[in-house]
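This is the structure, below, for whatever I ask next.
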Amino acid sequence: MTVEFINATFPLITITILIPIVAAGILFFMSEKHAKPVSIITSLVVFVITTYMLFVYDYNTYAIQFYEKYTWIPFLGISYEVGVDALSLTMVWLTAVSFLVAFIWSTNIEKRIKEYFIAFLILEAACIGVFVSWDMVWFYIFWEAMLIPMFLIIGVWGYAERIYAATKFFIYTFFGSLFLLIGVIGMYIYQYVEKGVLSTSYFDLVNLGLPFKLEIIFFLLLALGFAIKVPMWPFHTWLPAAHVQAPTAGSVILAAVLLKMGTYGFVRFSLPWFPEASKYFVPVMFTLGVIAIIYTAMMAIAQTHIKRLIAYSSVSHMGFVTIGTFALNMEGMNGAIITMLSHGFTSAALFLAAGFIYERVHSYDIKDLGGLARFMPVFATLFMISAMASAGLPGLSGFVGEFLALYGTFKVSVLTAVLAGLSLVVGAGYTLWLYHKAMFKESELPPEKIEKWEKLKDMNTVELLSFLPLVIMMFVIGLYPKWWIELIQTTSAAILSKFIGG
Amino acid sequence: MEYLWIIPFSPLVAFIIIGLFGYKFLREPLSGIIAVVGVAISAVASIIGFLQVASTGGYYNLKLFTWMPIGDYEIAVSILWDPLSALMTCVVTVISTFIFIFATGYMKNEPSYPRFFAYLSLFVFMMLMLTLSDNLMQLFFGWEGVGLASYLLIGFYHHKSSAADAAFESFITNRVGDWLFLTGAILTLATFGTLDYLDIFNKLPEAEYWVITAIALLLFGGAVGKSAQLGLHIWLPNAMEGPTPVSALIHAATMVAAGVYMVARLMPIFASSDIALDVVLFVGTASAFIAATMGLVQNDIKRIIAYSTMSQLGYMFAAEGLGLFKEGMFHLTSHAVFKALLFLAAGSVLIGIHHILNIQRMGQLRKYMPITALTFLIGALALAGIPPFAGFFSKDPIIEGAYEISKAVWFFLWAGAGLTAFYIFRLYFLAFEDGDRLDPHVKSHVHESPPSMTVPLIVLATGAVFLGFFKEFFSNFLRPSLDPAYMPFLSEETKRLVEEGLSRAHHVHLADDAIHFLIHSLTSPVGILALLTAIGGIFAAWVIYQLRKIDAREIARTFKPIYLLFYNRWYFDFVYYATFVYGYYKFSRILWFIGDKVIIDGIVDGSAKGSMVAGDGLRLFHSGKIGAYITQMAIGILIFLGIFLLLV
Amino acid sequence: MELNATGFWVFSSLAVLSAIGVVFFRNIIYAVLSLISTLIMVSGLFFTMGAELIGALQILIYAVAIVVFYVLVISTVPEFKGQAFETKYMLISVPVGFLIFLELAFVSLYGAWSSNTGIFTQELIQQVGNTKAVATLLFTKYLFPFEVASLILLVAMIGAIVIGRKDHVIDEEAEK
Amino acid sequence: MVPYEYYVALSGLLMVLGLIGVAIRRNIIALLISTELMLNAVNIAFVAFDMKLGEVAGQVFVFFILTIAAAEAAIGLGLIMAIYRLRKDVDTETLTELKQ
Amino acid sequence: MSVLYEIVAGLGIPNFGVLIPEIIILLTAFVVFGIELFTKSRFWITTATTVGLLLAAFVSTQIETGDITFYGLYIVDTFSLTFKTFLILTTLFVVAILRPYLEAKNTYYGEYYYLILFSLLGMMIMVSSASLITFYVGIELASISIYILAGMFKRDYLSKEGAFKYLIIGGTGTALISYGIALIYGKTGSFDFRAIAETFVENNLDVGAIGGLIILIIGLALKASSVPFHFWTPDAYQGAPTPITAFMAVAAKIATFAVILRVMVEAFPFAFETWNLAWALLAAASMIVGNFVALRQDNVKRMLAYSSIAHSGYILAALAAPTEIAFTALVFYSIVYIFMGLGGFIFLSMMERQYGWRDSHINDFKGLAQRSPLVALLMLIYMFSMLGIPPTVGFFGKLGVFVALIGSDIWWLAVVLVVMSIVSAGYYLRVVIYMYMYEPTTKAKVNYTFGEIATLILMAGFILYLGIYSTDFWEISRIVVEMLMQSIGG
């Protein structure tokens, strides 16, 4: 894999990472009332910058663009190295959108406002950092740094069992990432011993030519870290716990951005670094992916807690990303990336919807809900679109990625694709089950409750503003995926260059 | 012919306008009018297109824009305008127009009036995307889209549990079919590298037989779901929870017909595989018969018609399985007309008697609603296959053709026809004739429906009467799409392959001309038998329900097991509920508890607890007593020193 | 030489016996007295090895100065009434100790110890005398540690005073 | 001449006895005494090695050990006095407020 | 006579020039002693100590040319100077927060100041030692001063109990170290590291050599509070006045690690296989026991004591590999541990003065973030740094150790380190959880003096700054280790 670099004339990416941190620092010394506007403006600026990058990015040839590199710790061969390719860029952009949405939504937060926004701003910087870092140590720094604010967000602003959930989230992911770290260090040492190069740069580690046995070991070490983050079955149990307890905006970020880090890791590192091991583990990954899709779909339908249901659905969707990635062909890879992007929007929207319902009805239990569609038609419509996008309705974002991933997988393993395709049924099952129970089906509730709900207000401007971008994106991706596929095409090809040649 | 893009997008525009401004600005009459205008524009456009094709022949393929590139192949949003799609589009738009007009009357004073018309427009848009598509992906888009729209429409009264449940059920059941369909589409893409029909057809000779069979069967799986054929039919009767125009729309012309249309559209694929045709035939025949038996004993006015739909769709599939694609499509067309008529008439009845659905509680409605009764009667006669109504000309060729090809199939189709005549007239007699069982309170309000509803009834009734005589026109018209010898877009090789596949229909020699056909069937024994059976069915219904010579309950008691089997819909619903609904849910709950909570979380939380226990255990060594400390250290020294002395 | 060997066996056996006494005498006074005995025996061993200066220091510092401390403290602290030994530790640590001794003995007996590498030689020491040799080394080469050792004693003195004294100031405050 | 190894072994024995003393005694004064015993034991080894090496550096070290033993004894006794004053108790088994 | 004269005359005069920092510390101690004796002015005692320390730190950074002086007993090189500077700075921070604590606890003594200085002097001698004798007296000067400091809490029984346990077990350790030295002396006939290194070569490692080395290692491990010789640590740390605990946990630890590194590398460079394994075992045991037990502590001070045992394990794990990068990692981790350790204990020392604070029980932390966000944030940074989460410097400490271990293929220890790091999350997070996720029981704001808050912010600042840009510290560590390796010839 030979890579070209287009150096940044202006350190745009560094600035993008720094903006939220600086804003958080400033916020620490400001009064509470400034927290909301400052954060929203900050995320808006980040959004504008990343959108600008999205348009300036040249997707015709594969090159790392907006590339910056500075020596950092020469003793250990660590550099500061950032840049984007289409995969990074889409993820960064997804991050920017998700945070913008989360910040807009969070204007209804009343408890410990300043700390809340500081935590989110730092989280934003860390999330962007993960996707743009090409130096493994920096990647790891951002990867881990994001645990701290997320831990606080779940633990401080969460619900009753927040401490258990936050701790579980933290320790579980920490567990995975330490093995990831060992794996990376192992490769780094191998490189030093075999080639005499002391570097943690991605581009130096990518062409190591490891012996097969070592590939397997390192693949497993890295995969453990990524699999927990994704989360793949059977490492998924932290996710429902964390989602259930996290505040709405926290869930949004968790689902939209944090889960992507795991799949991003698989795409970015596992495949190019360990081509042989990746091929070797394809059956395992397919099995896990299919289990994730079907088993967690069953888990989802067994839930009565809205957020837990959506959380399980996330695991299920991530199964598509897994199988798409390990199909090791262009369609699968494009599908995986598009699914990542799409899931970012749909799951964010669904969690917003859950939060919205809680705002109005003060319950997350679908047994307490029913018939809300009648009182809140606008919300019902947006929720319906999100649910359908999540269930993979053609024309909305979810389908594009799933179809491509399925097609890519089908070319490799028919059985996997057929079983994964079953998600069309079971996925629609739990999504509509949720919608059905919460929004329709009014008659099972006591009438006095319904009477109380007559006064429920439909979405206000702020809520609409946070919801709309997501819904628009679902349509944009779903109705015109061509643009996105062209954007990521060269990147997918580059990532798969060791598998499909060229 | 670029104007064809108007056809799908005019309802879409209507949908968007109503969706955005419906509640705020348009409200009651205006939303409906916009919807009607939207669909009417499509209807006009499609009729123009239809006539153009009818006059010039040939086909027209328009690519609107690329949706998604997959490798070298680009999936495009496009229009394929040939006789088949033209016919289907016309049927959809024209029937929809009447249903829309009817709905403006039916939905009067409904609070969610704009929403209803928005959904209707969306539905039509999706249906048109389906019919106009030139590739499987766009077809699937429309396919799923009508699923969504029907979900929304069936669940229109979503505060009612039954409606919400029915919508949910319909969507999920459809999704099972869609799963198979999508798999088929993916297999197609993987095999042929394209999803465009025309390319697929021309590449057919290159593919292996079993691959084509698999593709055909998987795609047919989708059709089974969408057209509510046996196995995935359970949603259809429950879908009657939607407002009646919806039932008419879904059941008459559009959604359920999509499966039939799809099989006809992909005729070369199906024709290339015997097994596929046999499966289509089998499923169609079984559905035709079983649905008819189920319809015999229902009491819900709309459900009876629903079962009849399922049954009639079975006839269409059976026709396709027999290789009689043109006959299948013709039956689809005529069925669309008279089924829409029946449903709308039923809707008119329901408006009149305030939504009492049970036919046992109706009676003598003809007195109060003469137009409705008459139009319903026409529809019923058409359905029963009495000449000269449309149903006769479209259904009888199927039964007679079946006789030429397979006696077993013919037997079930023939028996089904008898049952059809019986149950539809059972409905007619119980509702419109017979004794006066109406609630007196209701009776004082019964009235004939307003013109917005009766006019469509009359128009459709006219259609049901005369449509049959256009048999020859349709046959000729459809030839460039369904007769391999005439199909312009097929390569020679494919033509040969397809003709070989359709050879089973070769010894069926039925007259295309309506009059000749009528004469022929009145002279041939098979034709006479079929006609007599239909009349016999009507007669039986008359004897039992009008004259009351035979007690229906007595028959039920005598054949109790069979009655129960029919009444409980062959226990399909029961078994499905027990396994796929309740069983799946319970199994999921148990799996959640055991798999996630006990095993996985047990390990995860267990390791945390284990650490705590280890901590507590190790704590005990720090007893605070110097003696204990030194003793432990001494042990440490002993072991530590020992290890290294041994290593030296 | 014979004298030295006899001296070794006598002093060492007595040293071990008194050491056992230090450990196992219930009465703390006896233990202290045993300690004195051990120290004197050890100093006797030093003499048998020809280390006169250290032997003398041993008696001076230990047997006289330190043990007096102990006696003083014991006289302040009343008689110890509890059980002298903790049985459970005894059961473990005596055999463990024995095994450690075996290890140490193994090390001592089988270690290949080096001989004569330093500045001094046996002859030289005999020539100038042990005391002179030690003293010369202590005040030349090992002057720095010697100074630090003095500092340690200073610190220990301060420490003993700080810790051992009564906190008058606080007591007064408490009375207020 | 008695082999110097015997002296070293003897030093080990006294060392271990001191260790056992610290482990089993309950009177904190006895603990301190046992510590003294251990420190003393080392002295024998140093002098014995001196004998073997024909050196005197070991004896210099012994001097430092003596100093340190004295210093520790001083502080230890001070602590014992303080503990006794605060608790009126010198039993290791009961002076265990800091534990686990 | 003449022979002795020759010997003495050949020795020459020692170079006092390189001893200026030590002399300054010694003089400062005596000055403080004098002030305490005559005026008892607390202000002047503090000022004099601070000025002396600053001066010493300044001087120690100014010494450029090292030397081996006092007849090969005392070495001043980059290694020792670096550690001395950091030790002096550590002491400075402890002194900066000492007075408010002592006054609040009614345990003020002037003696604290000069005993700390004496202890510091002992540590400086330790890290500068070129001979086992110097090392021995240094470690004893430091230890004995600390015994006293730990037991000086006025009228506080716990302090005495802790100090007494420390004394007895530390005395045992001293005896073990001396015994080890005796055996090594018997093996090599010398106390000088270089002379020892010449004898401890591969074909000469018999029972005696290994026995001596191992017993010395046991003694050192005891001083470094490594399991299973750690038993004094929690008790002594908990009993001692908290600033003194900070001093013990940071300065004494760092000096011990430094001296362990020096002794191992300079005196036993060719016995590395033995001590690698020895330290690996000790490190693993320390990590396991320290972390597991810390998990069940409700007293945060005691928890931090166990955590410091665990950190000994992490740091000593670097000694499992005989490579330059491992030693560098050890030096780096030792140095940066100063910031975390000081931060944590100084935080406790500050909090102990607050109203309603019961001996640092975990419940006292409830809702601290709402009472004083800044203070809670600082503690959060320390906790995450100890846990090793980037962007704090604790991560780089562990990263270095990981690189060292994996670089030498010691996977098992790396895995133990990983698993134990995860276990450690359990108790570090607990503190954060109590601070941030519980409601406060009191509304009182935290009062602090300028010295305390400045120190805490400085520590947190360093942790974050180094978490992002640790290049300079890696360079320092690298140079230090390079010098150390050069002295034994690579």
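When the chains are written out, they are named A, B, C, D and E in that same order, and each has its own residue count from 1.
Everything below uses one rule, namely that a residue touches a chain if its C-beta (ideal position, glycine included) is under 8 Å from a C-beta of that chain, and two chains touch if they have at least 3 such contacts.
Treat the numbers as computed from the prediction; the structure is a model and nothing was measured.
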Exercise. Would you pick out the chains that touch chain A and also touch chain C?
Key: B, E
Quiz item: Which chain wins if you rank chains by how close their C-alpha centre is to the centre of all protein C-alpha atoms?
Solution: A
Quiz prompt | Chain separated most widely from chain E, comparing mean CA positions | solution = B
Practice problem: Please give the pair of chains with the highest number of C-beta contact pairs. | Solution: C-D
Exercise. Could you tell me the distance, in whole angstrom, between the mean C-alpha positions of chain A and chain D?
Key: 64
Quiz item: Cα centroid separation between chain C and chain D, in whole Å?
Solution: 6
Quiz item: Between chain C and chain E, what is the separation of their C-alpha centroids in Å?
Solution: 29
Quiz item: How big is the gap, in whole Å, between where the Cα atoms of chain A centre and where those of chain E centre?
Solution: 43
Self-check item: Residues of chain E whose C-beta touches two or more other chains
Solution: 133, 136-137, 140, 144, 147-148, 151, 155, 160, 163, 165, 168, 172, 183, 186, 189-190, 206-207, 211, 234-235, 426
Quiz prompt | In chain A, residues with contacts to at least two other chains | solution = 171
Exercise. Please list all residues of chain D that touch 2 or more other chains.
Key: 8, 11-12, 15, 18-20, 22-26, 28, 31-32, 45, 48-49, 52-53, 55, 57, 60, 64, 68, 71-72, 75, 78-80, 82, 92-93, 96-99
Quiz item: Hey, which chains are touching each other here?
Solution: A-B, A-E, B-C, B-D, B-E, C-D, C-E, D-E
Exercise. Could you please specify the touching residues of chain B with respect to chain A in the complex?
Key: 19, 23, 66-71, 74, 115, 137, 140-141, 144-145, 148, 151-152, 155, 158-161, 163-165, 167-168, 171-172, 175-176, 178-179, 182-183, 186-187, 189-190, 584-585, 587-589, 591-592, 595-596, 600-601, 604-605, 608
Quiz item: For the complex, which residues does chain E have touching chain D?
Solution: 133, 136-137, 140, 144, 147-148, 151, 155, 157-158, 160-165, 167-168, 171-172, 174-175, 178-179, 181-183, 185-186, 189-191, 234-235, 238-239
Exercise. Please name which positions on chain E make contact with chain B in the complex.
Key: 165, 168-169, 172, 176, 205-207, 210-211, 214-215, 218, 222, 228-229, 231-232, 234-235, 274, 277-278, 281, 289, 292-296, 423, 426
Exercise. Under the touch definition given earlier, write down the residues of chain C that touch chain B in their complex.
Key: 86, 89, 92-93, 96-97, 99-100, 103, 106-107
Quiz item: Considering the complex alone, what residue numbers of chain A touch chain E?
Solution: 72-76, 112, 115, 137, 140-142, 144-145, 147-148, 151-152, 155-156, 162-163, 166-167, 170-171, 174-175, 178-179, 181-182, 185-186, 188-189, 192-193
